[in-house]
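Two complexes come next, and they have one chain in common, chain A, joined by chain B in the first and chain C in the second.
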Partner chain A sequence: MRPLVSERTAHPVLIFWIIAGWVGFFLLPWYGVEDFFTFEWLIDGYPFDTDYAPAAFLIGQGEKLWLAPALLGLLLPLLALGRRRTEPLYAKLLILSGTVGFGWMILQGFTIGIRGWNFDWARAMFGDLGDRQFGMGYGALICASAFLFLLTQGIAARGAINGDVFVLSAIGGVIVIVTAFVFFPIAKMLTAAFITEDGGYSAGVFASKFFDDRLWGLGCLSGGRCGVAWNSLFLAVLVGLITTVLGLIFALVVTRSGFRFKKGLRALTVLPIITPPFVIGLALILLFGLSGSVTVFFADVFGVQPTRWLYGLPGILIAQTLAFTPIAFLVLIGVVEGVSPSMEEAAQTLRASKWQVFKTVSLPLMRPGLANAFLLGFIESMADFGNPLVLGGNYDVLSTEIFFAIVGAQYDQGKAAVLAMVLLFFTLGAFYAQRFWLGKKSYTTVSGKGDSGVHPHMPRALSLPVLAIAMIWAGFTAVVYAMIFYGSVVELWGVNNNLTFKHYVTAFSFRLEEGGIRWSGAAWDSFWTTLKIAAIAAPLTAIVGLITAYLLTRQSFAGKNAFEFGTMLSFAIPGTVIGVSYILAFNVPPIEITGTGIILVVSFIFRNMPVGVRAGIASMSQLDKSLDESSLTLGANSWQTFRRIILPLLRPAILAALVYSFVRAMTAISAVIFLVSAEYDMATSYIIGRVENNDYGLAIAYSTTLIFVMLTVVAVMQLIVGRTEIGRRMTQSRTNV
Partner chain B sequence: MSINSKAAPVRFRNVTKVYGTDVVAVDNIDMEIEAGKLVTLLGPSGCGKTTTLRMIAGLEMATKGSIHIGDRDVTLLPATDRDVSMVFQSYALFPHMTVMENVSYGLGFSGFDKSETRDRAAQGLDLVGLKEYEDRLPSELSGGQQQRVAVARALVLEPQVLLFDEPLSNLDAKLRRQVREEIREIQQNLGLTVVYVTHDQEEALAVSDEIVVMRNAGIAQIGSPRDLYDAPADRFVADFIGEANIIPCQITSIDGDMALIDVDGFPHTLPARGMTVGSASLAVRPTRLMLNAQTGMNMRVRKATYVGSRMEYTLKAGFGEVFAVSENVDAPLQVDAQITVGLDKNGPVLLPEDHG
Partner chain C sequence: MTSLKKMIGASTFAVMAATGAAQADKLTFYCSAQEDWCQLMANSFQDATGIDVAMTRKSSGETFAQIKAESANPKGDVWWGGTGDPHLQAAEEGLTAEYISPMRDQLHPWAISQAESAGNKTIGIYSGALGYGFNTDLLAANGLPEPTSWADLTKPEYKGHVQMANPNSSGTAYTTLATMMQLFGEDEGFKFMKKLHSNVNQYTKSGSAPIKAAGRGENTIGIVFMHDAVKQAVSGFPVKVVAPAEGTGYEIGSMSIIDGARNMEEAKKFYDWALSAEAQNLALEVNAFQVPSNKGAKTSQSAPDMSSIKLIDYDFKTYGSSDTRKRLLKKWDDEVSVLPQ
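The block that comes next holds the complex of A and B.
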């Protein structure tokens, strides 16, 4: 006989979170300690020193008395112990304690800040506080989690989602972190756009910044310069179109031609993932810059005066097209392969010629893929920061403009916020336009039944130009990458072309000394930081992504669509916007993490989460739902099912998500550039710094090293994924039966 | 120690299941499934039979009404907490676990210690004749063997109710007969309560103690296989269980339990089933039409098809076409032949007019 959960009076999960709450309140330092990962505080005056004291000790010493009401939230659940889950009182107690505790923490966290009261009305009502508080630390964090999960247990006990504690807690957890790290910063940024210089709010400030001629000017139509918003939009549309067309061309070559080196083309897809985006820009400078090899060659042979044509729209366009075409290819290859061959075969038997089949069946069925590829190219171009910085010249775009508004001499948060809003508006607009364009038509062609047909080859009239363009572009890409490597071993480009390893030595030298290795190279600090941050962020990204994917594919609950929108939103938010909003939101309590490694980790998690979610959804929809259901009918609960059935079967997806987020964390720049600090400098921002000092050699050497490090990581992961092939074969044979 | 049965009855009271806001999958059904019986839910696709099964399992929650298993109200209990196990159409064997691990999976959550889990799992495998396969992966078994593993996995938990969701649909025709006999044998030997979903009426007739015929989210008829076949309640059931020719007729007089009817000018006597004088329909199985009878309706042979063991005929009568079969393959009727078709003494039943 199966033990009945609903009649048990011992609840291990409840007990766990009650204890966690008490530990957070009574044992751990309530406020943030200097460095999250060090434990100096243990010997440095803990538990009485007010910097390190747990909440209970603070209150005991008569300080920070506003923390006391949270204690109520910790006492209430004790009454629920020993009761059955089915008792209405059990649910009521937990919901009350969770709401009181969590609500109070938010309320006091936002009203009392680093200068005492945050709001004038609070000061007016309660008088001067004479005290202040800092950002949340271990204790506050654990306490808040405890309240949250007490609340979800209470809601579960009331019978929501069949009383499933795991699912409800997961939903609650994801909602809270997405709210805290996506919606809250964005909202904070929006309000920052209205703040006047003396701290008040005014729509006029926003209007004056928003309608600035630098933003929307149309001077370029009459020979002058256009506003940055138009510049960005024009560039992004161009890049989106070109990368989509080129991506489609490559996808067609791989799936529908007799071309023999398809594997080589597929390898292209790895490139953008492992290349820091601005590296392409550097390589272009080496080729086409004032002293670039091609420029010099033409100057010598034809006597053409070298120009700075590269700096501006042409340069950024070429660099971004090079960088993002493989992304479009990656999207389109799946779609082009996904068009069911039997549809094309059916069209052929209906007397359509190859060209007609392509035009009337294949191409329309690829529409969602084309829209997706365009959207990706558009967003990536909008968000790209490195290439415009390196190649922009006088062609200003939003992302660089935002950067200079924040870090430059002007230091104008409001302006940065307004610019970021425009950027966000464009990307979200594109996001919606895509949905609108695709409409409600169904493009599903995979019927689930075995499809034994083969894709027809392209009509000859199409295949020749397609192959030619693909070859030229692939060749160009190869040259660009060769330049990157070559540039790293040249003494001083264009001036002294001797081969040397000097840049590598400057960056990565080390000495063997007594007591170990001394990392004397200039790049080591940022290199190790990058590795550390990426290694911490990757598993967290994978976990959050997969749990979200599980909720989206396997559970149904009220508000699921809004939930999905929220989690996918950060996909449409450019990194630059994330960067700006994070520094605006997280340099003051209650979440005070600017300048720490945590803010980098957090930004990576939410930048890369949508990819983890997508990967998880893709592979989870391959898993027959009856597997979960049979596990449930065999007596496992949803957590046990998740851990013992779904996770083991998702190993390839988990690894892919891990690799992707690790590598992305190493190559990202747009958000990172705002969030790094002296202590936590990342490889990419270090390289950009070198570029700004015209130290190209070192920058390129460092970039090359990064590319090789990441190639190694990807290769090792591929090996591991390759070994789990058995798992994949089995799932396939299962779906065949 | 051996695998026992904790068979319990299942009771549905006014159960309704609505998906979203207005898709009614199951509409206000009442039924009683006795302990130790094998009951089949039968019906065309979309009739709500699988939803009904999943509500017993706890994979779907009833929108209205109550469900009892044994003497416990399980309406609000999720699948994990119900003492029910299920054999899925796709078997849903965990591909990353061996046969043994699959069969032990549920025992691990039921409070058995390691050695007992092992013993019980081994016994379950023994019961389905797969003792030697315990270290294989599901992908290394044939379809029929996978099916038996799925049965063993469900059986070892000694559930109050064992559910089968179209368990034979992935097997080839020959294996189907064998496996369904095995399932029936195990069910009878252990005295299990089994609820079985299928859309194959022959399968339902072969395995069931009782059949629940479903139509449009409701129950069309409940009865033993014989009842349903010989005395269908209406046209839908008559047509769904075995083929039936529905022939319009007139009840000319009632004499006690018997009715005298007129079919296309031919008189016939059969049980009245409570009907009164007037128009009615007559359901006749293709085997119950007597070809070349002494007296009967005049028909013309439209099509004659030889299918090996018998002849199949489409006959044209005054009221329309009927379908008949004949064991006589040696001297088949010729197309366009005019014949006299009589009705068997047993078999044809009266149906109320205009139903279904």
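The block that comes next holds the complex of A and C.
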């Protein structure tokens, strides 16, 4: 098929990006414009006003002349038009123009900032600039993208990765955005670990902070207190294991048992993932705290003194298990469903007992899912901030220590950076342990060959305990949520238990007036903002995540491991660090987006993308490569293969990514707290403000509303995305014998 | 050609001037007090002056971290509320601007001395005394006598009943530590902290958490600012407030203008307005029980009566400086927090 493409001399993709580059340079405002989409700038002096002018008009008026060399990158590719792809000159021209254009954009962006030259050496060399520039706008953005994709087309034309433009462009795109929005801010933040008090750099500072006894002490082995690092590690391993086991149990019940209320169980397991932070913690306190109803009941019945047992490891463990089991479930359900029944049937035909089949066939095939579920639980626990804050007692963990190193009485950003590195080290360790465990085996179970088997039920010895555990945990979750709902309809939780709807009225009242509805409730502003931001972030997260997963499982290229590492990085870092590093990195040009909604969307995309990647990888490693190959052989290119073959088979992963990123955008707190602004306040930061102010009723009423809203959205998404139809017999009767 | 360019330049200038005039004045307001108070301040200032206020509420530590991170390109104009230490720290690091308000002569001396200790880069807007509160139900259930002094809290019968914040993470707890140093002297003060340590059931992260836990019945005695304890009592929780007999320290809630503010004129207008009696009286509407810094402003009936509290002469300059803070926190870390409980 390739010869066909290369014979042509008109290249639609090339033409598209050349035009895009010209539009970005000549038509769109080069620098950032406030309220771009009101288009007021069009009648406000555009295209000559320097605030709104495109780059070409700026240069034409003798302003910002340093932008001119980029023009070279726009002119060169014109020479490539009309040439064949196979000509060496075609590739050279594109690579040159892309490199010059993109390189120049970066160079000028970082050297010239809001106060003129950003570096002293530049001032020393060229003298005072007498001018300055603000953050990039849509013109610069589109122009930069054009340069990037010209470059990838050039590389493709040279024959890299079979000359596949789509794959190369995808790799280039993901590398650039991950560098810009993950590596760059985090590097900026982590350098703080080496900065001494007088502003110099020193490795000694890092060492003294790193080898602190409060971090690595092992006092708990001899009755004292252990270092924060060990606390976090121990907790995360426990949470990872428990959530994986529980997730697997739920997945088995839903897919491989005769259990009748699967739908209800599914909904119940999804509840915790859509619960705003603090709420589970508060509910647990009301149940098991010193004055909690369960504690008091047991104290009365058995005549013992109530204790504060909840505060510390037990409390965090319960809360995190409640909160993160659904993530494990979401990852595992796709994998458990995907395991090929034919293999299981083959084993059965060979006279294996149900138990043997499960142990030697089904379970090993679920390994990628188990490993990914553990990894997610581990990382989530490491980075979790809300639960340890509420229930931690004296059990300190890294994430809260980082937060208070930054905002607490110490103001020690360096310490925060060191702690963040330790945390990062642990999560990466887990990541590599997972890879090692999976090894190089194949877990492919969905292939192009017809596979119309039906999953056998679990062996009886397994199904009884599994069902029992699932029921108990489901019951527990139900009680916790009943408590939460109850908390939203009483006057003052735990003190005055008269029923009232006043919290809902305060938060969500509205009046019908002339000209429409007036949203008079206190919570509407943050509610609409949150909904909007989450709705924008979710599909983008899913797209970026799945494309990355596709590249990681389906393509081989140099530096793939580093690439995978980069995409996981943002997830492994606690939100607080992300929040502060985003302010440090994106408050100044070339990317100046603090105080906008964009910074929230971007932070959500890169924070939640790894879940899309993990879910995508888990599902994709089950799809046989021969599916892609046959599609390619039949003349489709890799984009068509991705869209027509892989995407439809990935529906569970897509759904997981969409749902997860949507709800996380609505419930995340630690990063958001630094990124919200007056105009873009988020629901969670509003809720925390109310909790701090004792308005528990209002906070919980708001949270309950969010839970219902998210439930609805998740249900709608499920409807739209639909289920994968893997051709399997629908009759269950045969295996029920 | 040149004339054409000039014409274009002139007309763009005219357009710019026109839009500049049409654009309403605005103010970006960082607020570190309680949410409803912040909201009320923002709205009232908007009503009083017609200046558009964009308010963001974050705790004082979070706001400090944000202002510091934004210092290369400041986004905020004025920072109002929150305990004085981060404001002093910001002044020390040159993140806030010097300003002497014409309203100064209406203020209590403590508010002005706060300003003078920071080179006029911050000013006191309210104050609140340190103390503690206890849950009356839990105290009765455990058959404990009501404590009345700091020394009472170190008695063995209160073991496991006292909660305070960790001074490493909370300004409130640091104020407690500094108060003990000034009340008893450094050696005796640390002895007190050690004895208190054996009674403490948890060092919370946030300053007001101990009294909130006490309100919900999760803890008996919480060492906090008295206005926070009063707020619990007024909200309906069974909490009683104690002004310790030996005397006590206090915080000065502060206000600063951010260095390099984009709307400097508006920030100054807000600054002057926030020091006026009418602006400070707004606290009454939102159950804020701090003592206002304007001599003419009213204090809530439920607020702790400052005249009956023995206040120490708190040395904000010494104990607010980062050197002293680091030394005391390290000493507390090394000598107190590691002891068995």
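The rule is simple: the second predicted complex is superposed on the first by the 431 of 737 C-alpha atoms of A that agree within 3 Å, B and C clash if a C-alpha of one lies under 4 Å from a C-alpha of the other, contacts with A are read in each partner's own complex, and residues count from 1 in each chain.
The rule we apply is simple: contacts are C-beta pairs under 8 Å (C-beta built on N, C-alpha and C of every residue); 3 or more make two chains touch, one makes a residue touch a chain.
Just so it is clear, the model here is predicted, and its values are computed rather than measured.
> Go through the superposed model and pick first if A:661 touches only chain B, second if only chain C, both, or neither.
A:661 contacts neither chain B nor chain C.
> Which partner reaches more residues of chain A, chain B or chain C?
C
> Just checking: does A:631 make contact with chain B only, chain C only, both, or neither of them? Give me first, second, both or neither.
A:631 sits against chain B, while chain C stays out of touch.
> Now for A:97: first (chain B), second (chain C), both, or neither, which partner does it touch?
A:97: touches no partner chain.
> In the superposed arrangement, does A:362 touch chain B (first), chain C (second), both or neither?
neither
> Now for A:649: first (chain B), second (chain C), both, or neither, which partner does it touch?
Only chain B is touched by A:649; chain C is not.
> Pick one for A:159: touches chain B only (first), chain C only (second), both, or neither.
A:159: touches chain B, not chain C.
> Which partner chains sit in contact with A:640 here, chain B, chain C, both or neither? Use first/second/both/neither.
first
> In the complex of these two chains, what residues of chain A are touching chain B?
Chain A reaches chain B through residues 1-6, 159, 162-164, 624, 626-627, 629-638, 640, 644-645, 648-649, 727, 729-731, 733-735, 737.
> Hey, which residues of chain A end up touching chain C in the complex?
44-45, 48-49, 61, 114, 214, 223-225, 285-286, 289-291, 308, 311, 389, 392-394, 400, 403-404, 406-411, 413, 492-496, 580, 583-584, 587-588, 592, 594-595, 673-674, 676-679, 681, 686, 689-690, 692-694
> Going by the contact rule set out above, which residues of chain C touch chain A in the complex?
5, 8-9, 12, 15-16, 19, 28-29, 34-36, 54-59, 61-62, 64-66, 68-70, 72-73, 75, 85-86, 89, 138, 160, 166-171, 173-174, 201-203, 205-206, 208, 212, 215-219, 231-232, 235-238, 322, 325-326, 329, 333, 338, 340
> Please output the residues of chain B touching chain A within their complex, sorted ascending.
Spelled out, the residues of chain B in touch with chain A are 6, 57-59, 61, 76-86, 88-96, 105-106, 109-111, 137-139, 143, 146, 150, 153-154, 157, 163, 170.
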